[in-house]
Each structure stands twice: as structure tokens, then as C-alpha cells.
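To keep things simple, chains are lettered A, B, C and D as they appear, and every chain counts its residues starting from 1.
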Amino acid sequence: MSTDVILFLGLAAVAIGAALGMLFSRNAVYSALFLILNFATVAVFYLLLGAPFIAMAQVTVYAGAIMVLFLFVIMLLGAEELRKRGKLGWQQPLALLLGFVLVAETAYLVFVRGDLVSQIVPAAADYGTPKDIGILLFDNYMLPFQVVAVLLLVAMIGAIVLTKDDRKIERKTSEEKA
Amino acid sequence: MDFLFHPLNLVTFFPLVGVLVLLFLGKKEQENTARWVSLVTALITFGISMWVLAQFNPDIPFVQMYLEVPWIEFAGWTIHYAMGIDGISILLVLLTAFLTPIAILSTWTAVEDRVRDFMIFFLLLEVGMTGVFLAQDLFLFYVFWEFTLVPMYFLIGIWGGAQRTYAAIKFFLYTMAGSILMLLAILWLGIEGGTFVVPDLILQGGIDPGIQFWLFLAFAAAFAIKVPMWPLHSWLPDAHVQAPTAGSVILAGVLLKMGTYGFVRFNLPLFPEAARELAPLMGFLAVVGIIYGAIVSYPQRDVKKLVAYSSVSHLGFVMLGIFALNSQGIQGGILQMVNHGISTGALFLIVGFIYERRHTRELSEFGGLWKIMPVYAVLTLIVALSSMGLPGLNGFVGEFTILLGSWGAGAAGGSYGSYLFTAFAAAGVILAAIYMLYMFQKMFLGPADNEKNANLKDLNWREIAILVPLLILIFWIGLYPKFFFELMGPTVDQLVDLVNAASVAVR
Amino acid sequence: MVPVSYYVALSAILFTIGALGVLIRRNAIIIFMSIELMLNAGNLLFVTFARSFEQLSGQVFVFFVIAVAAAEVAVGLALIVAVFKSKQSIDIDEVSNLRG
Amino acid sequence: MQFELFDLAPLLVILPVIGLLVNILIGDRVGERGIGWIASLAAGLTFVVSLLLFFALQGHHEGATVPFLEWIRIGEFNVGWNFRVDTLSNTMMLVVSGVGTLIHIYAAGYMHYDVRYKGDPHSYKRFFIYLNLFIAAMMILVSADNYLMLFVGWEGVGLCSFLLIGFWFTKNPDGTDGHSNSNAAKKAFIANRVGDFGFLMGMFTMFWAFGSLNFGDVLGHGAVEHVSEGTILAITLFFLLGVAGKSAQIPLYVWLPDAMAGPTPVSALIHAATMVTAGVYLVARSAPLFHASHTAELFVMFTGAGTALFAATIAVAQNDIKKVLAYSTVSQLGFMVAAVGMGAFVAGMFHLVTHAFFKALLFLGSGSVILAVERGHHPLEGDGGHDDHHEDEHHDDDHHEVFDPQDMRNMGGLRKIIPTTYRVYLIGSLALAGIPIFAGFFSKDEILADAFLESQPVYWILTVAAFLTAFYMGRQVLMVFFGKPRTHAAEEAKESPPSMTIPLMILAFLSIFGGLINIPVIHPLTDWIEHTLGHDLVHATKFNWQVAIVSTLLALIAIGISWLIYGRKEIDASQPDPLQRALGPIFIGMRNKWYVDEIYGFLIIRPYERLSSFLAHQVDWTFWHDWFHDSGIAAGFRGLANFLANPVDLGVIDGIANGLARATKGSASALRLLQTGFVRNYALMVFLGVVAILSFLIFR
């Protein structure tokens, strides 16, 4: 077993552990923190896979911006924990069962039926540089890029519109929590 | 840009600017803003129509300021967006642009409910009406023609009286029914003639008289309902009585003229032989309308209904003039269209004023109002006299020239029926005096014995301001109509020549 | 020298955990985070195969996914805030108006 | 361009219009005196202009046409606002503006009282606006250069007549509240409209025959000869209908007696002196046309003569002082129409002028009498001002008794109480009765002399009418001025103020010496009018001693008879008229105006009302609107729609559709259990689907 594999398995264990932590934490804040850990781990995977640009984007956008947003909302709403018990008690075991089946099936597909024999070798230094991505982005994928830009704009406006009304209640709740 | 700012496009579509502004207004608030916006829009439109008038050269007997671009092309046929103006349409365009701001001003306090929507429909209606008078392509004409129905339908149906829904639907269905036949005839003309452009079709001519006969009737069906000619007038009292005041003004002032205008614009030049052949029939129906409308007006107890029926009588005069098929008759007929728009429009306004004060239009509720509202009484008297054709006021000039033309149709070798028509139509003038004076007496003369009327306020400045422009025109046309006759003279002369040439060809 | 299959398996496990998060948890925010996790699993797969097939397009798609995710989060969180305002709760089971 | 006096002609119309506009604008500020002055000044200036034109004509007998504005021009039809000044129109101008001015002055005094007795002092201004409007319209009529413009004036004076008859539009003629005055106004307008119908038709015929409506083209030399006699006859008969309307001839005279509802100066100005003579003027103006058709002349002549006699019989039995004069006017108009009908155009115009003098005098005199009695009945305080308190009292009086100050039975003995009025009234009566040296004698005698030569039947009819005229005037004077006062009001009567009596004296002077304008042997008026009508149509009538003596004797006899019946012994107001004993049912018929109004009501008005009501309510509404459209078309359509909807659509098509719907509904109600509303639940389903598909892919 090479160091690569050991490194992979260690990181994978952290990633899965963090994911499970997110899943089972009672407190939403913890969930968010676990998820950040998970994202960071995945960013390391990206580095290993020769995608430094994506890794950086992962860290800044996901772990940085998006998760901070999550934390803000959680704290803003004061909704770290839910008080009542859920109604759909039977759903939990069924979901776990199905999840297990899915993992099993995937494992079966990947390891038994699959022919994914290739190995990941460390990438060359000039592979996947931001420059390459940029050229590709502004050359082949110009239109999708623009569309995404518009999408972000619309999302921004949408978010503003959705939260605009009824400022009173918002203030009131935040005061209460404070 | 030239296309967009072509005077005819401007005068037709400028009200849309107002509509656009109105759309951005709030629904509930800003009612006054809506009123002012629409009034200013209508006034600017009137200004544009004056600009059109300034550019109009009355000496050219053909369509001018002509504008033609292909609009819809399919299967080898082209429908054009063709607009143009000539001596026949200019007066009616001016009338439309003139009456709309007046009608809008009359709604100032009369319409309280959904002002913005009312004004939007009103301005849309103006677009449709102006378009009807300017369209030079049959298909375009048809589009405008039908387009006017929609705003009017809503004006009656939403802001009307107690039975507004019934009246609105009746108005809509009646007019629609006639239009369908016209559409068929339009399609026939377009397919056979290869074009829908009216001046081209007139120039081509040469439609077989037998077919002309049917085409004439198909067009006449649409127009006669709109006029309305006896006996197709049944929708008129309903629509008028139920419509809001401003709606009645426009309905009587302009919408009915679309029918008579259609006869002059399409039936005469497109189907001259058929026009010649059917002139006695149309004359007969017109005269029956004159007498019938005048007789039926007399026992009406609702002032508005009385005025509505009098429209049937007045438009009978217009039709009689048109189908005299000579200059005097047709020019008189066109002038009488304007006159009727002014006088009857004013009468509806007058009825509206009293209705706003008393919320009734029953003649029996009034009496002796002259004592209480002297200004109102005097203005009403002038308008009523104009409506019954007192010399020196506008109605007389129209009626006299029409009757002169109608008599001339007999003298020029036509049938003796023309003499008879003229005699009966002139007798209609007597009957007009009877119902108008009766109405005036019941409202204004006699003792003021109804206590509910005792504290009525005389007209305020806004109401006087509404009537004054109309009165100025009443006197102007009555005393010095030269300007109006000169506008349409060459065009009508050329039209008469065309019709007469056709009749010579038949013989 | 890590086999590609390992990455695929890891991605599958992360995806399943995310899916279970959506199914099990009632807290709308956590459900949202779970969805992010699922997206991440997908991204991982993209990058893996991009490396495997030497195709940079995969990375570009990840970039797009991240952008769309950001947009989605913005709108989604706004929706949650709006729901919270009317329901005073972010329990996803409280929002059951679609009951037939 | 050289200025000529003729160019002043438009001022004839413009001046009165200015007068009325000034009164509209500042009338409220200048007070009654100011209003009266402005209006009288406008009328007076019009008279001055007429005089100037008269002098202008002295140099140019042929007259002139003064173009003012173009009016209607379509193709060959061309009519303008052109003024015609010639000897004929100038005669009318002088009469209208002259008498008009006098009546303006008189009215300034009279209306002061009248508006107060009627309880509406604000109407003073309105009255003078109307009067000026009338002068303007009448001037348009007489100064027109074409038939259409004449027609404008013709209808314009009709409008003024309507407005002035209905001046007290809230009241009845006796002063109580009611609709009679406004009905009378309406009646006048409509009767005139019937006449206008004839005028219009005449103009249509004329235009298409002559190609013009201008006097010059139609009446000029030889124009008539190019048109067939049938057409001329048609034109003239149509015009005759117009004349009958305006000049109150059979069968349209009925409006004139009712027109006495207007204030008395109006009766004098419009309904005696000027407007009603417009018909005579029209015939005289169209003399070449009427002269060209003998049939037409016969029609005109007999219409006039018949009217003269018929109206005279009615006048004999009236008790209302103004009604007597009204029927007398109708009768005298008959004389004039008969005269112009027999081709004696100058005689007609002559009588028109003198009649304007003495009938205006009589009407104004009667106004003075009425006012005197009214003031005797309940005097206004101070006779100058008034106050509200008094009006209240006056109002109360109306409740107690309806006192009719116009009823001659309420008068008597006024000779000594109001001597000035008595004297002028007597002069007017003698002139009307045709006593020699008075104006009426010469003009009436000229007509009779012409008739004597032209047509014996007409001569005798007119002679009888003249006899009756003398009789009813004698009766009137005796009943009003002689004997003893029959009521308290008559005893207390007061003489009118100078502003009223001075115009009366001027008119009295004219009534005496007016005959001089066409005195036999010299015939100034004949020569004057000959300049316009031409030598062919005008002939100086020789003074006929036989006719003169017969008519004078008859007049004297008639007056004598009237004295025997009404003057010899006192009349008791409560007793029936002494003449009734002698004539019995004939008198009843005469008093009730031969029931002509009732006959018209029965034959024309009520059938028209029934017809219109039937057409409007039954035919148009119930049948055409409700039944045909609503029940017929609309309900038919609804029926068809229902048929399609119920048996066809519901039974067949709906059956299929409903079956499907029911199946869908059943399955849906089962399936809806799946819709828990929990989002997670849905997600689970999706997840289940994913797993299932994956499983399927693996194990297939």
C-alpha cells in the first residue's frame, strides 16, 4: 500500500466522518462546522487530483462564503435545534435502509462489475492551471459563463425580493433572540 | 423614424403613450393623475390632428400623406399597413380628436370607480376610431373596426347603468354579426383584386355589377348596423341608455359615424353601379329612419333614450344625403356627421350633467329648471335648436344641403321617389321640432314644482368649459361653414364623378 | 497511485450520506447543507474523471456547479428565511400545505 | 373702394346683436334703466341706419346688394350673407325698426311693472335681450338678398316668438302657475315649422328649377319664363304654406291667438306689427313668381279672404281684450294676403304699414289698459320700487281669487279714469274700423277697390269682414271705456307713466296721418315700390268712390249696432253676452273659436300622440326590442344552445367525459393518500425511485 493510498484513505475517513457528523449533529451550528471540515477535505482531494483552481474555489466559495452564509442564517433565525419530535418516525429506518442499499449497489457496480482500472497519477505541474481553465472558460464556454452570470444576478435579486417584505417581524424576532 | 413619426401614425397611436403612462399608475390612488394624464394625452392628440390639418391640402381630391408598408405576407397576398387621409376622413379625424378630450373632461366627477382603467379603455378607443378613419387597406380597416368594439364593450359593461351587461353584449354581438359579412366581402375583394389597398382597388374597378350587388350588401350590413339604419337600430337605445355619459358622447359622436363613413369611403367608390342601383332602397330606409326615429323619440320618458332615438332620425338624414349621390347631398351628409357628433354629443353631455345632480333622467321629474339653472337652460336651448336645425346653427346647414341634394337627385333625372323622400324627410324636421321642444318644455319650462329640484346648482366652470367649444363649433358651422365645405369639396366632387361615370357605363 | 474506483466509492458514500441527510433531518437548513454535500460528491466525481481522462472541461463544469450552488444557496436561504417569518419555524414538516 | 351709404346695411343686423351682447355682459350692473336704454338705443340706431339707407335710395332707386360673407357653396349652389337694399326692403326696415324702437321705449316702462306683478324682476334683462335678438332676426329677414337668408331670418323671428310667448314660462296667461304659456310657445314654433316645411320645399324646387336662390337670379327679368308653369305653381304653393304659418292664415293661424300669452309689447311688436307680416313681405318680394301663375294667385287670394272673414267672426265674441285684437290681427293679415294674392302688391304693403301703426297702437294701448287695471287691483308700493313684503301679499291674492286683468267684463268706464290711453285707443280703433281720414281707411279701401275690380266674391267677403271689424272694435271700446266701472280694480285704475304714453301718442299720430304715404291721386308708396317690383307688377289703384262710401257706411252702421247692444245700457259682467241672446248657438261657436283647436286636437294631435306612443312602446320596444330581439333571436339562440348543451352535450359527450372523470376521481382519492404534504416524504419517494432504477439496471 503506497503512501498515496494511505493518504487517500485517511482523508476519506475524515471526509466521511465529517459528513456523518453533519448528519447526526443535533445542533445545526455543529452540522455546519462539520460540513466545512468536509469541504476542506474535499478541497485537498481536488489538489491531489490536479485541480488547484477548483480547490481554491472550493475553499473560498464553499467553505468560506456559502457556509458562512449558512451560519449567519442559522444564528439569525435562532434555529439551531428543533424542539418537537418528528412525525414521520417510520421514514428514518426506511431511509437508512435505502441508503445502505444504494451504497451496496454502488460498491458492487464499482468494484465488481466496473472496469475502472486506471490509476490516478500525480499531475504534471502545468496541468489544470487557472490559466488553462480561464482560456477554456472564455473560449469554449463563453455562453454558459454569461448565462451563469445572469443566473447569479437573478438569484441575487430573488433573494432580496424574497426577504424584503415585513421588516418588522424580522426585527422583532432578532430582538427577541438578542 | 420617418415611419414612426409620420403625422398619421402619430395622430392615431399617440394615445398609446398615455395608456403606457397610465399602466404605471397605481390602481387605487392617483385617480386625479390618471384623469390629467389622459386629458393631456387627448389634448396633445388633438394638437397633432391640428398639425395634420395644417399639412392637409384640400385642393387635392385624392388620398394624401399616404403611407404604405407591407404588413402581412403569405401565400402570395400582401396585406399592407396603408394609411392616408382625404377630404372625407379629415373632418372625422378632427371630430374624433376634438370630442375625446371633451368626453374625458366630462368624466371628471362622473367616473369615480377604476378611473385608470376607464381612461385606458377610452384612449384605446380613440386609437381604434382614428385608425378606422385613416386606414386605406381593407384588412387594416377591418382590424381597427373590430378593435373599437373591445374598449366600448368594456366601457358600457363596467361603467354602465343597471343593465349594462345586457347592453354591452347586445352591442358587441350586433356589431360583430354585421362585420362578419363585411369580412367575407373584404376577403373576396382582396383575393380577386390581388390587393387590399383601397385606392388600388378603386383604380382597378371593373367588378361585375352582379357581384357588386352582393358585395355592396355585405359591406352595407356592417355599416347599416353601425349607423344604425332602420330597422337595425335596436341595439342603440340599450347601448346609449346604459353607457356612461362619456361613452354615449363618443358612441353617438364618432362610433356611429364609422358606419356612414364606411358607406362613403367603401360602398360608393368600390361598387358604384350597385350604389346607383340600390340608392333608392337606401334612401327609402333612410327616410323611414328619419320619420320613425322622430316619432318614436317623442313619447320617450327617459331623456337619454329620447336623444338616442333622435340619433336614428339624424343619421337617417346623413344616409339620405349620401345616397343622393350628388355633391350637395354627400357634402351635406359628411357635414351632418360632424354636426350630429357635436349636437348630439352636447345633448348627451347635458343629460349627463343633470343625471349627476339628480340621478334620474325621467322627464316627469323635471320642469321649470330654467328658473333654477338659467345657464344650463340657455345652453341646452341652443344645443336643442341646433339639433332640430335652426338656421344660423350647424344642424341647418347640414340638413338643408342634404335635402337640397336629395331633391336634386330627383331633379337630375332620377326617380320621382327622390321628391317624395325629400318631402318626408323635410317633414321629419317638423317632427324633430316636436320632440325637441317637448323635451325642452318638460325639463325647463312650466312651474318648478318638484321640490327635489329646488336646490340644484347651475353649471360649474368645468361643465361650461366642456360645452363652450361645442357651442363655438355650433355657431361657426352654422354661420360660416365655408372652411368645412372647402376641406371636403374636391374629394367629394371627384367621388361623385366616379359614381356618375359608372352609372353612365351601365346605361 | 490511487485507483479511480476509490474516488468513485468515496463520492458515492458522500452522496448517500447527503441523501440520508435530506431524508432524515427535519431542519431545513441541515437539509440544505446535505444537498450541498451531494453536490460536492458530484463535483468530486467530475474532477476525478477530468483527471482520469485528461479533460479540463470537467473542471470547468465543477466551476459552473459551484456558481450555481452559490446562487441556489442564496435563493434557498432566502426562502427559508421567508418561510420562517410566516411559520416561526424551520421544521420542514410544518410546511405541508401540499397535502392531498 | 368707394364707400357708399348702402355699405351700412350689415349694421342693421350687427347693431341689435351688439345691443343684446352688451346687455348680456353688463346688464346686471346697469340696472333696469340702463338695460332699457341700451336695448332702445340699439333699436333706435337700427332705425337711423334704415333712414340713412332710405336717403341713399333717394339717389339710387334701383337699390344695391351688399355682399358680406360667403355662406354655403357646394358645386353650383352658392349662397352668401348678402344684404339687399331696395325700396321694398327699405319700407320693411323702416317699419320694423321704427315701430320696434317705439315699442322698446314703451316696454322699458311696461316691463318694470310686469316683471314685478309676475314676481321675477330678474327677467327684465332677459326680455330686452330677446327683443334685440328679434330686431336682428327681423332685419336679416327683410334685408336678405336670397331666399335662404330670408329663411334664416324667418326662423330666427320664429325662435324669438317662441322665446317671448314663453317668456313667463312657469305661468298660465292669467298669472297662475301652469304650462299654458309654454304650450302656447311650443304651439307657435311647431305651427311655424309646418309653414317652414313649405318654405323649404319651395326653396328646393326653386333651386333645381332656377339654379339659384338669389333674388336677382330668380326674380330678375325673364328668369320666370324659362321655368314651366307647373314648377312655378309648386313653388308658390309651397311658399303659401310658409306664409300661412308665419302670417297666421288658414289653416295654420291657430298659434297666433295663443301667442297673446307673451307680454303685451311682444304682442304688439311681433304678433301684430312686424313678424306676422313677413309672409306678406315674402309674397310681395316674390311678386314675379306669384304673378306668373294665376292659379297660385287664386289660392293666395282666397286663403287671405277666407282668413279675414273667419277670424273676424271669432273676434266678435271674445271677452279677452288681447284675444279680440289677436283675431283682428289674423283678420287684417287676411286682408293683406288677399291683396298681394290679387296682384295688388302695393295695396298689401300699404296696409301692412298702416296696420303696423294702428295695431301696435291698439296692442300697446291694451297693455296700458291691462296694466292700469292690474295696478288698480293691487298697486305696487311707491309705483317705482318694490319690496318683498308686497310680493308675498300679491302671492296670497292669487289664492283668494283669480282676477283676470285682461277680461273686458272686468273693465268699463275707463274713459275718465285713464283719459290719455282712452284717446289713443279710440284713434287706433277708428283707424282699424276704417273711418275716413284715419290711416286704416285708405289702405283698406285700396284693397277693397282692387278686389272690386279683380274678383267680386272676394270683394264681398272682405267687405263683410270689414263690417265685422268695425263692429267688434266698437264693442271693445264700449265695453272697456264706456259705461260704469264694473269692478273695484277698474275704479282704482291708474294712468300709465310717460315712457309708455309718449310712444302711444307717436303711434296715434301715425295712425291718423299714416294714410298719407299712399294717399290717392299722388300714390307716393306706389311709385316708391315700383322701383323695385317694376312697372308690370305695380299699378296705382284709382280711388273708387262707390267702394269707399259703401265701406264707410257699413263701418258706421256696425259701430251703431255695437252701441245699440253694448253702449245703450249697462252690461252686467255676470250675465251672458247680450249678443248671445240674439245669435244663440252661432255666438257660442264664435266664442269657442269654431272649435278649431279641438278639431285639430282630435284629428292631428291625439292621433299623433297615439301613433307615436304605439310605435315607441308597442312596435319598437315590446315587439322589436323585446320580442323580436330578446325573445326571438336571443331566446332562440339560447334555446339552441340549451339543446346542444343538455341532450346532446350532457347525454353523449358528457357521458364519456364524466366516466373518465369519475375514474380519475376514484383513483385520485386513493392516490391522494400518498400526498402527505411532507417534503421529506416526497424526497424519500424520489430516493426510492433512484434505488429502484439502479437496482433494475444492475439486475436486469
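Note that a residue touches a chain if its C-beta (ideal position, glycine included) is under 8 Å from a C-beta of that chain, and two chains touch if they have at least 3 such contacts.
Quick caveat, the model's predicted, so the values are computed rather than measured.
Any chain touching subunit B that also touches subunit D would appear here, but none does. Chain centres were defined as the mean of their Cα atoms; on that basis the chain farthest from subunit C turns out to be D. Subunit A and subunit C have Cα centroids separated by 6 Å. Per-chain CA centroids place subunit A at a distance of 102 Å from subunit D. Taking each chain's centre as the mean of its C-alpha atoms, subunit A lies 72 Å from subunit B. Counting partner chains per residue, subunit B has no residue touching two or more of them.
In subunit D, the residues touching two or more other chains are 678, 680, 684, 687.
Touching of two or more other chains is recorded for residues 87-88, 91, 95, 98, 102, 106 of subunit A. Every pair of chains meeting the touch criterion is listed here: A-C, A-D, B-D, C-D. For subunit D in complex with subunit B, the residues that touch the partner chain are 69-75, 77, 81, 120, 148, 151-152, 154-156, 159, 162, 166, 169-171, 177-179, 181-183, 185-186, 189-190, 193-194, 196-197, 200-201, 203-205, 207-209, 608-609, 611-613, 615-617, 620, 624-625, 628-629.
By the touch criterion given at the top, residues 671-680, 683-684, 687 of subunit D touch subunit C in their complex.
Residues 19, 22-24, 26, 31, 92-93, 95-100 of subunit C touch subunit D in their complex.
Note for the complex: subunit A touches subunit C at residues 2, 4-5, 8, 12, 15-16, 19-20, 22-23, 28, 31-32, 35, 38-39, 42, 45-46, 48-51, 53-54, 57-58, 61-62, 65-66, 69-70, 73-74, 76-77, 79, 81-82, 84, 86-88, 91-92, 95-96, 98-99, 102-103, 106-107, 110-111, 114, 116-121, 123, 127-128, 132-133, 136-137, 140-141, 144, 148, 151-152, 154-156, 158-160, 162-163, 166, 169-170, 173. Touching subunit A in their complex are the following residues of subunit D: 678, 680-681, 684, 687-688, 690-691, 694-695, 698.
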